[in-house]
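The structure follows.
Which chain is which? They are A, B, C, D and E, in the order written, and residues in each are numbered from 1.
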Amino acid sequence: MLSVRDLNVAYGDFIALHGVSLDVDEGEIVVIVGANGAGKTTTMNSIAGILHVRSGEILLDGEHLERKSPREIVERGLVLVPEGRHLFPEMTIQENLLVGGQAARSRRNLRVNLAAMEERFPILGQRRSQAAGTLSGGEQQMLAIARALMSEPRILLMDEPSIGLSPLLTARIFAMVQEINAMGITVVLVEQNVVQSLELATRAYVIAEGRVVLQGGAAEIRGHADVKRAYLGEA
Amino acid sequence: MHAALIGQLTIDGLLVGGVYALSALGLNVIFGVMRIVNLAHGEFVIGAALLSAVLFERWHANLFVVLPLAFVLAFGLGALIQRAFLRRLPEDLASAEATSLLMTFGLSYFFVGAWLTFFSGNFRSVPYLTGAWTLGPFSIAQARLAAFVASGIIAVLLALLLRYTALGRSIRATSQNVQGALACGVDVERVRTLSFALGTAIAAASGCLLILIFTVNPETGANVTLASFAVIALGGLGNYAGTLVGAAVIGLAVSFTGYFATAQVAQAAPYVLFILVLLLRPAGILGKSGA
Amino acid sequence: MSAPLLEIENVSRAFGGVRALDGVDLRVNQGEILCIIGPNGAGKTTLFNIISGVMRPSSGDVRFQGESIVRWSPQRIAAAGIARTYQIARPFARLCVRDNVAVAALVHERTLERARRAAQDVLESVGLATLADRPAGSLTLTQRKRLEVARALALRPKLLLLDEVMAGLTPTEIDTMAAFIEQLRERGIAAIGGVEHVMRVVMRISDRIAVLDFGKKIADGTPAEIVADSRVGEAYFGTSLDDVGAAPPTKGHS
Amino acid sequence: MRRTRLQVIAAGVAATAFFFVLGGPRLAASAAEKPIVIGASISETGAYADSGKLALQGYQLWVKQRNAAGGLLGRQIELKTYDDASDPATAVRLYQRLIDQDHVDLIVGPYSSAVTASVANVAQQHHMPMISPEVASTAPFERGLTEIFQGIQIASDYVEGPIAIAKEKGFKTIAVTGEDTLFPRSVVAGVDDLAKKMGMTVVFNQLYPHNASDYSSIVEKMKQSNPDIVIAASYLPDSVGLLRAMKQANFAPKLVYEGVGPTELSFGTQNGKDADGVMGTGNWSAELKTQGNASFVKAFTSTFGHPPDYHAAANYASLEVLGEAVKRVGSLDSAKLRDQLATLTMPTVMGTYKVDPKTGIQQGYKSLVLQWVNGKQFVIYPKALAQQPPSLPFVSWSTR
Amino acid sequence: MKGRTVIAFAIVAAVLALVPQFLNGYARSLLYITVLYVALAYAWNVISGYAGYLSFGQVTFFGLGAYTTAISVTRGNLPWWEGALLGGVISAALAVPLGYLMLRLRGAFFALGMLGLAQTLQVVANSWQLTGGGSGLFLPPGSNALPAYYWTLAIGLLTFAATLFIDRSAFGLRLQALREDEQVASTLGVQVTTTKVWAFVISAIVPGLLGGGYAWYLTYVEPVSAFATRFDLQAVAMTILGGIGTVWGPLIGGVLMSQVSEMLAAQYPQAYLMIFGGLVVVLLVFLPRGIAPAVSAALARHRARAAQGHR
């Protein structure tokens, strides 16, 4: 479904990605793990069109995305839940959701989707006219996910959804990822919480220094010695 | 008698404050979305003011014709400037902010020169609604009241646009979090262009109203820019409600210092207030806290 | 036992309503390596900002060599011997690598020429000497991290604050960095490292570990004590440390 | 490396120097057939643009008429002007350019006191006599300069008229204001003494800055002082602004005098009916029975499509004087011209030109008080020249 | 190397000192204005180019210098150059507290604060008895522009030397470090506030000194022209054209632009503002680093090629 080929991205003189390639099949949960600064977020932002790609290809169902604007990419059903949530803190929860559902592909269902989200995340319904900035960390993350779902994505990119959350909340987020996947939405997940994310993923990629250093089935990656050494703290 | 005088000065100050508020709102919309401090803002205000003066002189075109015209022209001009220049700000100079400052500083003088060419250096005003209504001990200048009411209507329309339309939500979303807006598929480039155009158009609208009260020439733009910034500095950058409070304070300060001190002090009042506010809240005015 | 090099006493710091730090106490002795671990947002960077004078605490005191430094300017603190690195490397992008370091060397050297020479020496020691004339903006992430350290070293610090110095490094580089930090101990430089992950290294190099969680210090002890502390595992990893396979400390400082 | 750079710089400096040297001395015109060039800078843009344009047209008309009548000393005349944008530094450079670069034969003054004050020094340095048709303030003439001559009425005369009229009507209290620049200041400088002499009191005296745009506060203050008459030393934009603020404050004293603003024709177009009753000091009027005035007005109107004002007249008169001086001297010798201008007495459209030979301060021209009545200007003072008596008191705003 | 610099410097200074002897008054005047603008651009470059604090109000000190001189001459009977010197001293003295206050502001707010400061001082000059209010002050008419020229030339050369020093000294390195990242600079031991206040003082003292020459040259000082922010526009445009934060930028940009501006000012005074303003905008899009870096790069390439040829 999504195919990334030989992606190169640079910030000024600094090269952040050296030829990253990924494949995601329909219905999968693919997890990308790697250390801070390894290039995970850069990869996600590049796919979503937020970063300018120096070279390489990004194909969604065979269509090139690498020169498309973020808006055009959203219209094709690929939506990012960015790292750090990036909500609109002074807008109400409902307004946040409305902005999320503004894409042409979902606009006619705007009210229906809004109701659906308020039902799925009751807290968002109860506080719909409260400013988003007043929500707690976990609630904000839910809002960020709900906002992304408003545009009826086919493939959802989630960048570190568990960041800064307590174990309990992290578990809820992961459960939600599975639910979303069960709705038929393909998920690409970037996580630092390697252990838990590998549990729910079908496949995984390990990124270091802007390169894919390992890839394979989730279980396989879990068992890999290098990963244990680098990210799980084993000698 | 004394109470009546205070009342009169208050009325005069608040009515002018309405126009300051409108100009500052335009500046605030641009800053909110683009993070650009537009030093050429006053030039757009003055350009529209001079245009309406000239149209009035020639054809007695009244405010209600000129304001929409100036609004549309300025909207186009703003969009053009954003597309042609501001969007192409290079990123390799000291900082994006520095470059945008230098660029809008250049733009401001470009337009001073342009207005001097088109309108000459004459001081102009529009002798429209020159009378006053008497209300008890107070006299209410028709032009001031008209400008105040019109400013209020435009401000309310702007508020409605920002709150209840998809474009308005996109503008607010972009000004609060660009990354988030991008992730939601908001066409941020378009929003930036529209915001700059809208801010410029509001500036023009305030210019059409300002000329009912003030006498201006092409070189008075910098005063308007500074006064508008003083309003924002007082009210909070990006804070639309605070803008109204700031404008009232500036209007009153000018009106009262003009009476109790001298016209020179009144002229300096916005700058002095501006500098004082900056010094008392050097970082704080970026914050959205406060009124 | 001599007085501690750095004492942090009941330091709190609030942003708006949020308490980023809440009554934190910490001590660092001469030549000691202390690692502060905790998830993103636990307050590590805030603590570094307060020690280095970039930020004032809302309450509490920080003493360096017995003197309170909470009212000192960052430059005074730097000159007194506390150097820091930034979590996200912040090179002076348009200056060359050598001049980046020379800025710091100027604290001890009178002339620019001598500062540049001193800078060159420091660059040698961190392996950046060949890049000395390049603009710092063109360095890779790893090189930037090293430049951060080089600049801090040029201040000839007694205490080095390393904010997420391991972040973004490959396993090999992490080993190099760890070796470097251990070598600080031999040179008599104390260090506080802020670390989110990379437990393996933390356990190996630390004399002591402190754990921050939501602005509070929830544990402070030798690596062995920390591993044994169940609260730490709960708060930080969502599970016990044994489950994630954290290695026992390789150095017996207990 | 350093040497290369310095070579580049040195070469640059040399080239620039060369440019200046080359650009400097040009071969002086020798042939007598060449036209006599008169140079001036005028404020075509900037704060004084309106009046500057009329001033320039005054110069242009005289040159045109003179050339049609055979020129001067048998040569045609050419006017060379630049726009100084009302900026003194620019004007200084432009006059130097006119004298050193363009090698003009004669110069005449620019517009506005501030500009003239700086330019006078250039005239002095180059020993080029210069008539200043626009500087009513005497300060620039009191600096020991020998080359400048005032071609307009002196400012301190201006308020004599309105105060005399007020005295006659028995008005007692005066509020004084004006723009805080050289000329308006000199207009109101003597007002305290004059009022005392006339047995009147000044109840308010405060100036407002150049570039002021809002006059409501100062008007409110004047209103509070409750004066019989208002004397404002103002130019066109501020006189309009003040009048409007007075209307808005519903403030109508018994006599309103607004300096030179009301003498400009656009004062009427900008204020409409509100202009009625306002007085101002004119230096000139189309109705004036001075020598050649009627034909001047006619020629001006047919040439430029609009009637002249006092700027045009004063500038025209200055060239009349300069032309006469050249004719009498019989050459362009500047020392002789200087002496001639200092002692010359002659009739012009402005009246009789006559200056104090020591300072060059004008003594001949007399100022007039004009008043707007039913959309037209009339001379009301001095009585000998009055077209009609003053229409007083000023009509209250509500009964218009 | 050092000796050669000094000799070259002396030659350039001597040429510039001798040139006016061969010029008419207009060309002298033009030369004076060119040197004046270049010197002002150099001063602006210190605070805005090297320290990174964009100021649109350095004219404040220029006006201050002009007024100090005019007051000293007319009311104190001092020789004009003593007044001008005093103008420099007062500017420096005022720049210290002002620097401490204003430099707490960053970016746009510093820029706007300085703009406001210039406007405020203009109003002060406009309303104070000492400054003659709106009437301004007359200086005794001078014989010619030469003394002002030499004064300005001397200060210009000193300012250039100061820029050379800044570019090659510890002070300059600290300035550039704080321009890049003020917080990091402070944690690396840079006395941030002191350093930038010094830069501000240099950028104030120069226009403060130059203002006196200008007053003497014009023989008349009044508020509007003494505090005209156009002076800052000129400095900005010239420095950007030449190269902001470089040693040669203000010189290259200043010499080029004053020629252009003189040609334009005589015929199209309003278009000249348009062209200056427009040029700033266009340069920022197409040549944001200015001419100087482009020239150095070309020179470096040329030298590299030459060196290869030799081998």
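Observations
By our rule, contacts are C-beta pairs under 8 Å (C-beta built on N, C-alpha and C of every residue); 3 or more make two chains touch, one makes a residue touch a chain.
Everything quoted here is computed from the prediction, not taken from an experiment.
The minimum number of touch steps separating chain B from chain C is 2. Set against the C-alpha centre of chain C, every other chain centre is closer than that of D.
Look at the CA centroids: the one farthest from the centroid of chain A belongs to D. Distance between chain centres (mean CA atoms), chain B to chain E: 32 Å.
Centre-to-centre spacing of chain D and chain E amounts to 35 Å, using the average Cα coordinate of each chain.
Taking each chain's centre as the average of its CA atoms, chain A and chain D sit 74 Å apart. Residues of chain E in contact with two or more other chains: 123, 126-127, 269-270. Under the contact definition stated at the top, the residues of chain B that touch 2 or more other chains are 92, 116, 121, 223, 262, 264, 267. Residue positions of chain A touching 2 or more other chains, listed in rising order: 12. The set of touching chain pairs reads A-B, A-C, B-D, B-E, C-E, D-E, using the touch definition from the header.
Chain E meets chain C in the complex at residues 168-170, 173-174, 176-177, 180-181, 183-193. Contacts from chain B toward chain E in the complex involve residues 37, 39, 85, 88-90, 92-95, 97-99, 101-103, 105-114, 116-117, 121, 222-223, 226, 229-230, 262, 264-265, 267-268, 271-272, 274-275, 278-279, 282-283, 285.
By the touch criterion stated above, chain A contacts chain C in their complex at residues 12-16, 35-38, 163-164, 167, 170-171, 192-193, 195-196, 208-209, 226, 228-235.
On the side of chain E, the complex with chain D involves touching residues 1, 4-5, 8, 11-12, 15-16, 19, 22-27, 29-31, 33-34, 123, 126-127, 133-136, 138, 140-144, 214, 217-220, 222-225, 228, 248, 251-252, 255, 259, 262, 265-270, 295, 299, 303.
The part of chain B that touches chain D in the complex is made up of residues 5, 8-9, 12, 16, 57, 116, 120-125, 127, 130-132, 134, 139, 141-144, 213-217, 219-220, 223, 254-255, 257-259, 262-264, 266-267.
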